[in-house]
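The data blocks that follow each hold one structure.
First subunit A sits with subunit B, and in the next complex the same chain sits with subunit C.
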Partner chain A sequence: MVAVGQMNEARRARRLRVSSVTTYRVVALVLVFASWEIAGASGLFFRGVIPSTVLIAQAFVRLFGDPAFYTHFAITLFEIVVGFVIGSSIGVIVGLALGINRFTGEVFEPMLHYLASTPKVVFLPILLILFGIGVGSKISLGAMSCFFPMALSVAAGVRTINPMFLRVGQSLNLSLGNRIRKIYIPALTPPIATGLRLGFGIATVGCLMSEIKLSNHGLGYAAMQSYNRFDIPTMLALLLVIFTLAGLGNYLIGRLVRLPGPTNRRVTALPPR
Partner chain B sequence: MSDMTALDNTAADTLPTLRIDRVTKSFHTAKGKITAVDDVSLDIRQGEFISIIGPSGCGKSTLMNMVGGLIADFDGQILLDGKAVRGCQPSIGMVFQEESTFPWRTAIENVAFPLEAAGMERDRRVARARELLDLVGLTGFENHYPSELSGGMRQRIAIARTLAFEPKVLLMDEPFAALDEQTRLLLGDKVVQIQQQLRQTTLLITHNISEAVHLSDRVLIMTFRPGRIKRVVEINLPRPRSSEMMGSEKFAKFVAEIWHDLREEASKGLRESEAAAAAR
Partner chain C sequence: MPPFEENLMPAWLLKPNPISARFLFLAGLLAVWEIASVAGLMSRFIVPPPSEIFPTIALLFTDYDLTGSFLRTFGETFAAAGLGALGGMLGGWWLHHNRVAGKAYTDWVAAIAAAPLVLLFPLFLVIFGRNAATIVAMGTVASLPPVVLKTKEGLDNVRSVLVDVGRTFGLTRWQQVKMIMFPASLPTIFTGLRLGLVFALINVVGVEYLIGFGGMGLLIAELGDRFEIAGMYAAILFVILTSICFFYLTEKLETWLLSAR
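And now, the complex of A and B:
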């Protein structure tokens, strides 16, 4: 009887906690909307800087009816995905080379660390000269941005691989290709997953940064155009689209990349429910 | 042509499978040269089970790593079927003391690993891996991941994985050291049964005397640094053997005999490590 009572107690406590979490989330969202509206209506800011949510909603409707929006959207998505794939792939290869060979690691890894902390946008002028004002410079900046976290994460990961796994490969006289495919890569799934999750966000930043700086297409360019026209509701609507795109990408990678092993765990920041 | 093969076959029967011929290995350290293995010679016949026993630091693992090819730089010669061995090769299989099963592979995928790497087609390697899992007594656990199994089961997976390549010589470096005593005895029974069934030439490194007596045809006692062979003890206990023999008088006599020789070496090792600790 006591046990049943305790169980019910625990269940009730959990339900209470879940429902209070949901309540607070709703309250927080309502508060954000309300303060946005109040700030806009207060007259403390220049008129139009904080437009009413109704105006933003109208801008959304206009945006979704505009064929040009879809072109911008497709171009930006293309740049992010291609840049992300190129940068991540090269990152894995370079990370493996740095991690597996102690000498190359000692020579190049410190340099990589210094470069990694440099804002990649400083390379934009060079990339513009090399790849032009079109998608080339955006893809290359995106690729460059997500290359570093992947390479460094993989290189560090190689050193944490259980040496016994490598000795098994060695005692079977496996070729380097087989060792990489069958031992290194599966053993490195967690750092690679981390590299992918970090990388997607950073590749998005890289692509949009270069679109905002200098370009003639893409969501970043469209947002800057709205800004120049002082069409703040459209600009905010575009920013929300970008925000959703980045969030969705991160979510999808979390769903798709799975850690191998018994539970087939997903790579998520939150524990699976 | 057929005469030649016949000749080769008879030669192979009389020749030892593995010949360790005057092998010496020294390491250069900050404190000077340390000879880990000194002039060790040994012939192992086809199907024989040999244990090497010695105190910690006697160079038994070094010897094993040279035979297994993980250490390729040494003096002397190691011959497998008359051919010199230097570096790793699949015909010498190794089982390690440490955990070495791949956590991202199921039991059957672990066992099939060497076959997969060698490019054997899927159906064949899965069938073969299933046979080996049956052999080590893990029928029904094919699709379990190592983390879902006990340490003894994982070590049996590692043994099955090494046997998958049908090595001419099986090397085991204290494969049961991380297991509890009861699991260790039962696993010993399993290994002795498999070894007899396959007539698998086996070289075991251990520091457990009763384990060595239980499993081996011959036990080699090594000296503390530099590692030499002090004595070879023939274990002429009848086969099939099981851990239940451990109560017998003959078994106890072998254990006592080996300990008598080993004791001196072990105390040397102990004194040296205590002296090193005191110097620090």
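And now, the complex of A and C:
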């Protein structure tokens, strides 16, 4: 009886906590919304700098009815996806090379580590000279941006593989290709997933920053065009689309790498080192 | 006693040192770059040889006020990181102190930390205009989330036995914060401050380059726009080298702080 009473008490407390958390979240959203409206109407800022949310919603509707928006969207998506695929593929290969050979890792990893922390956008002028203002420079900056987190994540992941698996591979006389396919890649799913999630966000930033700086297409270009026309509601609607795209991509990658496929089952069965 | 023949071999050949190998690789890379550029395998206009780029760094100091650009960028970075540190530590403290708020908002802060915040700069541009305030605001926005998260993590992980000892000594709430909570969580908070500083620098240079205002980012943009290619490469190289030195020093400071715990 006492145990049942305690369980009910705990359940009630948990329910109360959940409702308090929801209340806090709703209050925060209402506060942000109200602050935005008050700031816009207060006259503290130039007229139109902080437009009403109604105007932003109308801009959204206009945006979705405009065929040019879909062209910009498709181009940005293409740049991000291609840059992401190129950068993360090279990142996996380089990460494997650095992780598998200890000496190679000791030589090159510190250089990658420090280069990863530098602002990649400074390379944009070089990429613009090399690839022009078309999609090439955007894809290359996106690829360069997502290469670093992927390579470093995979290299660190290789070193956490249980050496017993590697010894089993050696005793079965597996070739390097087979070892990579049967041991390294399945065991590296979690670091690859981390690298993919980090890389996607950074590739998005890289592609959009290049579009903002110098371009004649894409969502970043469209946002800057709206800024130059002082069409702030459309600019904010485009920024919201960009943030939603980045968030959705991150979510989908997270879901994809968590799918219960045979590869992932093997990974979860690995004993902790 | 090792055989006589082995002693004749230089030590670096017997046991290759990663640091020597790294410098050897960099030297080889520069040599290949120089030869390819001079021999015309790469256009000198697109990729000038290192022998043209390195002397230009000195010119950047005399003709382009590189020292001023450097100080402006780092001034903006430290202003942004300082504001981010203040706001972030207060935010982290509140999320630790108020459990429901911590549960409600920590995931949100983590989501904001992962968002491409630098793309918000047009919004700040219309609010503050094309000036240092926009750059500092962008740096602050980028440096806030890691400081909030790490401050909360540090305070959450303070061992309860330390807090209990403080209570038995009858410490006031402020004394507990000053003498127990803050020192015990300092290494984790410092990790957040370091990340905040790094994020601020990346965003400051990025926004300077994009809006064409400020220090080193503006310098790269200007040199690129004027097609002074060797100067542009030199400025990019300088930004990379200073960023590397900056991250190296903050990382060493963090390691020292963690070991002194």
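In this section, the second predicted complex is superposed on the first by the 258 of 273 C-alpha atoms of A that agree within 3 Å, B and C clash if a C-alpha of one lies under 4 Å from a C-alpha of the other, contacts with A are read in each partner's own complex, and residues count from 1 in each chain.
Assume a residue touches a chain if its C-beta (ideal position, glycine included) is under 8 Å from a C-beta of that chain, and two chains touch if they have at least 3 such contacts.
Since we're looking at a predicted model, the values are computed, not measured.
Legend: residue contacts after superposition of the two complexes on their common chain; A:I126 is shown touching subunit C, with no touch to subunit B.
Taking subunit A as the reference chain, the count of touched residues is higher for C when subunit B and subunit C are set side by side.
When both complexes are overlaid on chain A, the residue A:G247 reaches subunit C alone and has no touch with subunit B.
In the superposed model, A:F45 lies in contact with subunit C only, and not with subunit B. Subunit A residues in contact with subunit B (one complex) as well as with subunit C (other complex) do not exist.
Of all residues in subunit A, those touching subunit B in their complex are 162, 164-165, 167-168, 170-174, 178, 182-183, 186-187, 189, 260-262. Across the complex, subunit A meets subunit C through its residues 17, 20-22, 24-25, 28, 45, 49-50, 103, 106-108, 110-111, 114-115, 117-119, 121-126, 128-130, 197, 201, 204-205, 208-209, 212-213, 220, 223-224, 227, 230, 232, 235-236, 239, 242-243, 246-247, 250. Listing the residues of subunit C that touch subunit A in their complex gives 16, 18, 21-22, 25, 46, 100-101, 103-105, 108, 111, 114-116, 118-120, 122-123, 125-127, 198, 201-203, 205-206, 209-210, 217, 220-221, 223-224, 229, 232-233, 236, 239-240, 243-244, 247-248. For subunit B in complex with subunit A, the touching residues are 68-70, 87-90, 92-94, 96, 98-100, 102-105, 113-114, 116-117, 144-145, 147-148, 161, 165.
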